[in-house]
Amino acid sequence: MSELEYALNTFYLLISGAFVMWMAAGFTMLEAGLVRSKNVSEIVTKNLGLYSIACVMYLVCGFFLMYPGDSVYNAYFPMLGSTWGITLDGLTFNSDLGYSDAADFFFQVVFVATAMSIISGSVAERMKLIPFFLFAIVLTGFIYPVQGYWKWGGGWLDAIGYTDFAGSGVVHLCGAAAALAAVIILGPRSGKYSSDGSVRVMRGSNIPIAALGALILWLGWFGFNGGSQLAVNDAANANAVAQVFLNTNASAAGGVIGALLIAKVLTGKADVTMAINGAIAGLVAITAAPDTPSGGLATIIGFIGGIIVYFSVVFLDTVLKIDDPVGAISAHGTVGIWGIMATPLSGAGAFGTQAVGAISIFLWAFITSAGTLLVLNAIVGLRPSEEEETTGLDASEIGVEAYPEFKD
Amino acid sequence: MSELEYALNTFYLLISGAFVMWMAAGFTMLEAGLVRSKNVSEIVTKNLGLYSIACVMYLVCGFFLMYPGDSVYNAYFPMLGSTWGITLDGLTFNSDLGYSDAADFFFQVVFVATAMSIISGSVAERMKLIPFFLFAIVLTGFIYPVQGYWKWGGGWLDAIGYTDFAGSGVVHLCGAAAALAAVIILGPRSGKYSSDGSVRVMRGSNIPIAALGALILWLGWFGFNGGSQLAVNDAANANAVAQVFLNTNASAAGGVIGALLIAKVLTGKADVTMAINGAIAGLVAITAAPDTPSGGLATIIGFIGGIIVYFSVVFLDTVLKIDDPVGAISAHGTVGIWGIMATPLSGAGAFGTQAVGAISIFLWAFITSAGTLLVLNAIVGLRPSEEEETTGLDASEIGVEAYPEFKD
Amino acid sequence: MSELEYALNTFYLLISGAFVMWMAAGFTMLEAGLVRSKNVSEIVTKNLGLYSIACVMYLVCGFFLMYPGDSVYNAYFPMLGSTWGITLDGLTFNSDLGYSDAADFFFQVVFVATAMSIISGSVAERMKLIPFFLFAIVLTGFIYPVQGYWKWGGGWLDAIGYTDFAGSGVVHLCGAAAALAAVIILGPRSGKYSSDGSVRVMRGSNIPIAALGALILWLGWFGFNGGSQLAVNDAANANAVAQVFLNTNASAAGGVIGALLIAKVLTGKADVTMAINGAIAGLVAITAAPDTPSGGLATIIGFIGGIIVYFSVVFLDTVLKIDDPVGAISAHGTVGIWGIMATPLSGAGAFGTQAVGAISIFLWAFITSAGTLLVLNAIVGLRPSEEEETTGLDASEIGVEAYPEFKD
Amino acid sequence: MKLLTIVVKPSRSDGVKRALSTIGTGGATIISAQGFGTQKGHSETYRGASYEVDTKPKTLFKVACKDDDVENIIRAVREVANTGEIGDGKIFVTELNEVVRIRTGETGEDAIKENNYE
Amino acid sequence: MKLLTIVVKPSRSDGVKRALSTIGTGGATIISAQGFGTQKGHSETYRGASYEVDTKPKTLFKVACKDDDVENIIRAVREVANTGEIGDGKIFVTELNEVVRIRTGETGEDAIKENNYE
Amino acid sequence: MKLLTIVVKPSRSDGVKRALSTIGTGGATIISAQGFGTQKGHSETYRGASYEVDTKPKTLFKVACKDDDVENIIRAVREVANTGEIGDGKIFVTELNEVVRIRTGETGEDAIKENNYE
């Protein structure tokens, strides 16, 4: 590999990483748009904070845990180390890797933040800031890196042939499993389910910014999936990256159409919040193998993802009474599983191995998250008082109303 | 051409395409900001849906119609085919083309969506969802590709020497002509023009997100124009792309200044919605030949575009009584024509040929759109009931208020 | 250098420039979110206008003033020239420079706009449009380029070894010094400080778009700092750019954490507007030397920046009674100085030289801005009438309410 | 004097404004409101769950007038605001003891007479 | 007839709506408001500077009813809106001379009787 | 007792709040409103087309008070809200039959007396 190829790969990874960083804005807008106005400043703060915490924790220990090189003592728990001191002096023309180590770190760190962003939406409007940030420290510094190591760090999931190109499992299912644990432990928002079993609808306060959030995620996903080829220095790699872009876009489009169609058919209304979830579902669904399907198959994978997310949202909300304000568990979890299991459709991965991957990632993230949250609940308490929740967390936690001049 | 050059070109096209995809967010925000709040969820849904439909239709038949290779039986109607099955296996080191076919497809597909996005703004607040989406199918799958073929697919407009670097005509005028047909057939929003001829002003509900939309379009346009050079693998191409970036930015700046200045001079107020239209006008104006003018001439072309859009908006709205809520027909149509006719100023294209291009694209898009819409009107009806329109389409079509907590 | 390297560098500069252009949207959203709703259309107009003016002025004279080549007659005031006529014909394979001249211009022009954007926030809600735009002409056409020349054009600051990788001083401190002059001359917003010395709080009207603004800036900064390496054509450059991305992100994260932590500790509330300022502070702090520190040191530099911005905002607002609605003087000025003085921490620049740079840039920008503004005040008047200010500048200057349907 | 509280559909609010101007009540104060009555709410679906909207938007006018004008105003309002559909609204008439014009201190009917200042 | 003006905490507004429906007042008109009284505001911090919020959000109901219903309504409202905490609100009772149903022109108690049209 | 309805310019609303607190009315309920009267609207331009804004923003206060306080309040409000310019607003005085404090059930003047609970 020439230095120029190395340079191009590095530049490509950095741009891809910048696109993924941009997904932080996507989650922030999506969640800010789908919660009630009295909790908007709070969810914005959580998103800014969790991204920042993810960056620090991954620098302190996460990256090294996930990519420990030879120093791993077994395939399940990697050894702890640090990238805190990473400097330009230590960077050389690493032609084995094919790109700069620093670019690699940057590209990886934004993925951690994505996993954590999934959670903030699900626990919206009813989890205190401090325990949320403490949980972010544990998830981004430990829970995520360990299972990330299983696959991308060369651990046992990689060894058995589990396929996960850009992380339907490693990122999205992991985040959603943690979110599910959190939502179960927290319980629903106060007033959401009456004693007579009826559901109270709590509407999102700002639809255009929620849609903006989805479109930001759509754009960012080109970095997320497109960058995961990790090289663009020859024709084969360039073609693969191009196919990934094409398929990522096609699947998202399929997801929008699937979700809109099913909503229109079943309720008579083309619920825009479902179109938004559909776009994300399409993106999550293709993420496990965006390089292998044809454009048409990618569209269909996304379309099915859009239909799945619709039913999953309704089922969780009205039947299981699992209160997920933004539908993140459905879009990233239920559809994440669909994405993992759909890779054999285009000849990538085997059904059984994929199932092992999905189950192990789910269980790991669910159990460790639940444990962490139960401990945090015992020590600092996860939920605000009912009075604080009714008034809105903006008042009690942030002290800044999101829209002080717009009456509600 | 080396593989590395091929790879760089491919990467460049993909990034450019991602920037153009981002324009979907620009149109969504622009239109959501310029309509009344009771129709915001609906216009957001239309934008998400039309983009998705464009992606599917172009994959199913649009791309092949537009770029049929040798199989065209004449210069006017290309042969139908399909790119639905496009996969990585079929992609090789295509050094004739100079970049990956899949990247080419991706870059082209986002252009179709742009053309359709222009229309959603013009028909805002008074066109039902289903006929809108049906029309989107026809426009993106047939109307757009045929005239796209005329120029970019090697058809007759290309043969006679019509110049249209990135699509002032093929994309913007095409979309605007279809929008004009739609607006004429639909008629104005209910209550917009009284019987005594007076105009009722219907103000945009959210100016900052409209401005955000314009700035997103500005950014996306670097991909739109910058990517249309199609290669960046040597000094000549790199210089051309750089000049395109410089001129695109200069022309948009000129457009803002032109529109603001004329508004301030004529009304005493620096109408921000005109500044927004001015930016878009500047971008549209330079699109036909962003590579040939000097930075100064580009600024002037944009400046004149900004002045034209001001008068066009006022003339359509108050004299012709053509009700275009976001000014899209003026910004993309009237100014699109200006852009096409201005190419000879920098020595690109001849006046007569440019006129032939503008007229033929306009007529084709206008007539086929009008025909399609009349048929759709007869079958499913284009307009909601007056009651539905007065209440707002969010209630009747989407079931989701955009801002449920902000009083109006 | 091969043509391909030249092409890659050019493409890299153009993409970096596009990211920096995007910062215009960041400032627009940030400022629109942090002012009261009656002045939102006005600040949006100012941002669109100032960016456009910056582009024109830099084309007319700014670029040539800043990069005069050999024609400079001394190290303090460069000679006037023009890049207005820059065309493709004049661009060749400039292998000395290593990238296209046009790309260079584009990358530089977006920096000027950034400097001016800093000012619009500080003078928000109380400065008339016309004098603001006239001031923008002077700042972007003269004040900025002269001091830019001192460092980046090869002037005396460069000669003495002042270090400023991407412009903590040249861009941010320069803008903030001009902002400080403007704020002092204008005085506080009417009603902000009572005669009894108490402070009236004027709350931002839209927190999520302010946060969006900060996240846009964060993304744009990868272009701002990442592009300032100016080359990515070999391993050394690629590694440097990668380290810059890593550190820029780390410092911003540190800034958020610093500001949130100090706000929470001191007031019990995690003020989201401080988190927003913290992110920007982290970005500004690292900008003087984003290539030399380790990731950990970058985090700490940002963290300290976040703490500094908190105290600076409170000190200016409540003690000095300098009314800066968005905290720009603190985030870009106070923290800009911190960034300049912190470069020796990673071995870049010497303390004394850095101080000379900070002081000379500050004095130049402050004095010339103050002079210009005093002249403008005498001729056209800087402030609207108290009646106009109380009603809001949207009514008197723009004629368009930002949110006409949301009660206040 | 009487103080009328007029509740109408928002779509009729412009008409009521014009009607009042024509009659020359001298003015009115207008407030956004929600109402229910014979007209009940309706049910909506959001993310697959249905919910009740139990009120409808209304516009409320406060109008102070001379006793003699009451009849006229009621007639005029009914003319523009009566769509024949349920939910058209109500007019409430209460006794008004006194009015003061803040600017001048005028009281009684003088305070609500349109005056020709400026 | 009487015109009641009922001021309650927003969190109690749904309860009041339900209570009024149960009693069968025939309807109500509802307005968002801010209030102060025994309950004072509180101080907040924004960007390090503290400020007073001197009012609290309230919901105001206008209810026209027969004289006989007043007692019932007061009792029912107190039941749902009384949290025992300061700031629960007030009920103001004023004389209502006349009501007109805009749709039909009915006046007096007929105008506020729930009718079975539709 | 009397129920005052006070309409003022929004910029005077803080002053009125302070004035009422000083007098010690015990409280007030405040509503955003639009008004027209002698003061007419004005015309604006939007995207090159002109339109009429026919109302101006106002703030409305509802204040219940003892008969004796009426005069005081009127004087105090006029002091802060009178700018001498047209559009300063009005004060409407109506009879108040009864008040109930929801929290305690107190009625009459007791219900609006500031009390020292808490």
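The letters A, B, C, D, E and F name the chains in turn, as written, and every chain counts its residues from 1.
In this section, contacts are C-beta pairs under 8 Å (C-beta built on N, C-alpha and C of every residue); 3 or more make two chains touch, one makes a residue touch a chain.
As the structure is a computational prediction, the values presented were derived from the model and not from experiment.
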Report summary line: Chains adjacent to subunit D and to subunit E under the stated definition are A, F
Query raised in the report: Same residues or different residues: which describes how subunit B and subunit C meet, taking over half shared numbers as same?
Result: different
Query raised in the report: Just how far, in Å, is the C-alpha centre of subunit F from the one of subunit B?
Result: 52
Query raised in the report: Just how far, in Å, is the C-alpha centre of subunit F from the one of subunit D?
Result: 18
Query raised in the report: Taking each chain's centre as the mean position of its Cα atoms, how many Å separate subunit B from subunit D?
Result: 46
Requested in this report: Two or more other chains in contact with one residue: find those residues in subunit A.
Outcome: 4, 8, 15, 203, 206, 209, 212, 267, 269, 271, 273, 399-400, 403, 406-408
Query - subunit D, residues touching no fewer than two other chains - result: 31-32, 44-46, 94-95
Query raised in the report: Graph of touching chains, which shape: line, ring, star, complete, other?
Result: other
Requested in this report: Pull out all the chain pairs that touch, please.
Outcome: A-B, A-C, A-D, A-E, B-C, B-D, B-F, C-E, C-F, D-E, D-F, E-F
Query raised in the report: Given the complex with subunit F, which residues does subunit C contribute to the contact?
Result: 390, 399-400, 407-408
Query raised in the report: Contact residues on subunit B for subunit F in the complex?
Result: 199-201, 203, 263, 266-267, 269, 271, 273-274, 310, 313-314, 317-318, 327
Report summary line: Counting only contacts in the complex, subunit B reaches subunit C at residues 2, 4-5, 8, 12, 15, 19, 36-37, 203-209, 211-212, 214-216, 218-219, 222, 226, 232-243, 245-246, 249-250, 252-254, 256-257, 260, 267-273, 275-276, 279, 291-296, 299, 403, 406-408
Report summary line: So, in the complex, the side of subunit F touching subunit E is made of residues 3, 17, 21, 26-31, 62, 64, 94-103, 105, 111-112, 114-115, 117-118
Query raised in the report: Which part of subunit E faces subunit A closely enough to touch in the complex?
Result: 11, 32, 44-46
